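For clarity, chains are labelled A, B and C in written order, and residue numbers in each chain start from 1.
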Amino acid sequence: MINRNPQLNENGALQHLLTTEGLPLSMLLHILDSAESFVGVTERDVKKIPLLRGKSIFNLFFESSTRTRTTFEIAAKRLSADVINLNIAVSAQSKGEALLDTVDNLSAMNADMFVVRHAQSGAAHLIAKHVRSGIHVINAGDGSHAHPTQALLDMFTIRRYKHDFHNLRVAIIGDILHSRVARSQIHALTTLGVPEVRVIAPKTLLPKMVERLGVHVYHDMAKGLKDVDVLMMLRLQNERMKGANLPSAEEYFKYYGLTAEKLSLARRDAIVMHPGPMNRGVEIDSAVADGKQSVILPQVTFGIAVRMAVMSILTGNQA
Amino acid sequence: MINRNPQLNENGALQHLLTTEGLPLSMLLHILDSAESFVGVTERDVKKIPLLRGKSIFNLFFESSTRTRTTFEIAAKRLSADVINLNIAVSAQSKGEALLDTVDNLSAMNADMFVVRHAQSGAAHLIAKHVRSGIHVINAGDGSHAHPTQALLDMFTIRRYKHDFHNLRVAIIGDILHSRVARSQIHALTTLGVPEVRVIAPKTLLPKMVERLGVHVYHDMAKGLKDVDVLMMLRLQNERMKGANLPSAEEYFKYYGLTAEKLSLARRDAIVMHPGPMNRGVEIDSAVADGKQSVILPQVTFGIAVRMAVMSILTGNQA
Amino acid sequence: MINRNPQLNENGALQHLLTTEGLPLSMLLHILDSAESFVGVTERDVKKIPLLRGKSIFNLFFESSTRTRTTFEIAAKRLSADVINLNIAVSAQSKGEALLDTVDNLSAMNADMFVVRHAQSGAAHLIAKHVRSGIHVINAGDGSHAHPTQALLDMFTIRRYKHDFHNLRVAIIGDILHSRVARSQIHALTTLGVPEVRVIAPKTLLPKMVERLGVHVYHDMAKGLKDVDVLMMLRLQNERMKGANLPSAEEYFKYYGLTAEKLSLARRDAIVMHPGPMNRGVEIDSAVADGKQSVILPQVTFGIAVRMAVMSILTGNQA
């Protein structure tokens, strides 16, 4: 049997978390179920358990992201691991050291896990293929390819508020073209059995043949939001707004920014999600971001638990 | 009853440490007394107690200050807390994320405490008003407004060497105008009952109507230092020296730099303090900085104990 | 008796690790023997022992080196110490605070150990002379002077693979002139009794009168590598390649780059070492770097154990 999924070993156990694409339903559910127990840990007075004591986890950020790094750092510390932050952009890489030499070096220091953020798609896969057995890699975002822990925390959030995936209409709204988050969300939603996943975006912000991912395409919010249960907003990267893809932030907000008015087109009990950080007044209005239907901050809370779950499953110490 | 002090809850317990202004005498003394016990911890062979185990403390530095960040990081680690350093200037903020969105995010990660440094006066207050009950904010310096832990460690140092506040003449010397340290010192000294607080500075470095704070104003070191028990030097910011407020560093040193000669005008047992880092040869001569009357390094030592005390009082775990 | 070695106290106990020069044979062997036991710790499931619990170790890096900082950070964390990273280039120093004022400050925070990296030769010595008894300094590289922990891990690696120093031919190859690593290696090899230490380099990359260090000088790889047991490659600094000392990286590789062909001139069981990060295709060919005779990654692994050994010997808690 050819092992087509580099994330799983021959027994189907999770070795790395690189993408939600091809992750079996049972594994998705296992991660979500594990995360439930970690939500409890993060709410305790002493938010710390000794599960990963003596493990060395490296936050290997080739692309700067204090926010994402922080979520992994907290998750690891609450599991009692030793965490080492490496911002490679400003150090070894500037000395010309190659990516895999850096990884080999840190592996030789008896690393247990790498949390990798990189501007290039495929970087985490490359590292995962390279490291020796027993070292685990978590993709914390690679180029426009994947951001699986973000998608998993989104799934966790949806399940918390909607309980069942099998009767949902979910809309992903915004810059699908450049979004690793959107890709990872679509794969996870599909595997979890969501019958209708929509993407809503201007043509210039949609990948070619996006329909092949099994989604329904809308260019118009009025139509796309109709009867939707879950709205997953995407962050509009500032750098995109200056490019040829978009006329202006104001123009974008007018057509695709989520306002209370547009939200009223969805189901009355629809939830609003955003991976953060938000551009208020660009892709989302503050009234919605801070409104009753927003679950944006719970997403963050669940994100810590989901990362703790992934880390503990990977190290095989899951209680 | 209107709760006019955002630092205290309705029972008068400390919720945040934002400023020494309006902090009741009993609370000041409670912090100083608690710090006494933590001085012992920092002198032990194993400088660590499990008081804040499992707590998540975020050093939220919107203005870079390795030195101040280090004091809080050490204090937190010696209390066994998990510490996360965030230098926001170089990350989220540059993505356009607003201050309060950042705080909301970190709060959603189940933060217990924020140590906030910000170039704008009022930033720590803004955050304290915003966070939910149970999350504590320590102001580690906001603009030219306040730096309460510095003032508290100064008070601790004075008490250690002078025992009683009620018969002291204290002079604060230097750039009062831009100094958050001076403001916090004046409020604390006044509340603790120091009968005579003097400020000594050129007119261009004094706030308008500074007398309203209850201090005596001197423009001349010879007069201002006469019979003084405590000299609190201020750091002259380099950026001020280039401005219109001052002719030159040399000129400043001639008139306001503390030399052995000028120090001899104070009481023979007067102590010399400085919040650091010092500009030797500008506001203070090395002979004085390293001299017998200097208590500048003990200030640093006590600073760790004072921060441990504040952190433990805030989290309500004070033994 | 005059204590000529600032690293040792009057009883010959190690107080600081500043250089391998003048370090007695017994002390070298004590460090290597201690490191043996720590190799075991780094291979355990829980890679952590409580030896330095409650100790405060400061990584004081005045010159940026994520890689070296990481090795010390991991070593300290696996000993359960509290570690504080300070990148001084970007903070206090830019406020004009002098080196020794910074050190005094951190010492006043009850520091136990400073790991110092500085672009200027002698910086670690200066700090070691300055700090009070009980605070230990490890030189993590100062200018072109010394890098003792690198040399010690190299000795550990040689002993592991060659067992005995007394019948070895060791060649150090590359930019001897600017290399603190080479200086520290030569002193350690000589003290450990290696009968023949060679240096191989173009004349422009050799210090004047290098023979005085007791080494044999070669300008030609064919002659220099003959019958050698250990090849210690040096990193060619990028900045050197642009200077007048070298025609080009390609030219350098042709004459001094280690290829399989050149390696075949050494003994068949010779080992190849490199302190990293490597410039593949400049001082070393990938076929050799990743080849059977390379012990470059084991060097990294042993480096953690050696640093743990040094830290634990210094704090006098060595079990």
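Brief remarks follow.
Following the convention adopted for this analysis, a residue touches a chain if its C-beta (ideal position, glycine included) is under 8 Å from a C-beta of that chain, and two chains touch if they have at least 3 such contacts.
Everything numeric in this text was worked out from a predicted model, so none of it was measured.
If you lay the C-alpha trace of chain A over that of chain C, the rotation comes to 120 degrees, to the nearest 5. Although chain A and chain B carry the same sequence, what matters here is overlap: shared residue numbers make up under half of all numbers found at their interface. Remark: chain A and chain B have CA centroids separated by 41 Å (rounded to whole angstrom). The set of chain B residues touching two or more other chains is empty. In the complex of the two chains, the chain C residues touching chain A come out as 42-48, 64-67, 70-71, 73-74, 77-78, 238, 276-280, 297-301, 303-304. On the side of chain B, the complex with chain A involves touching residues 53-56, 82, 84, 86-88, 90-92, 95-98, 101-102, 104-110.
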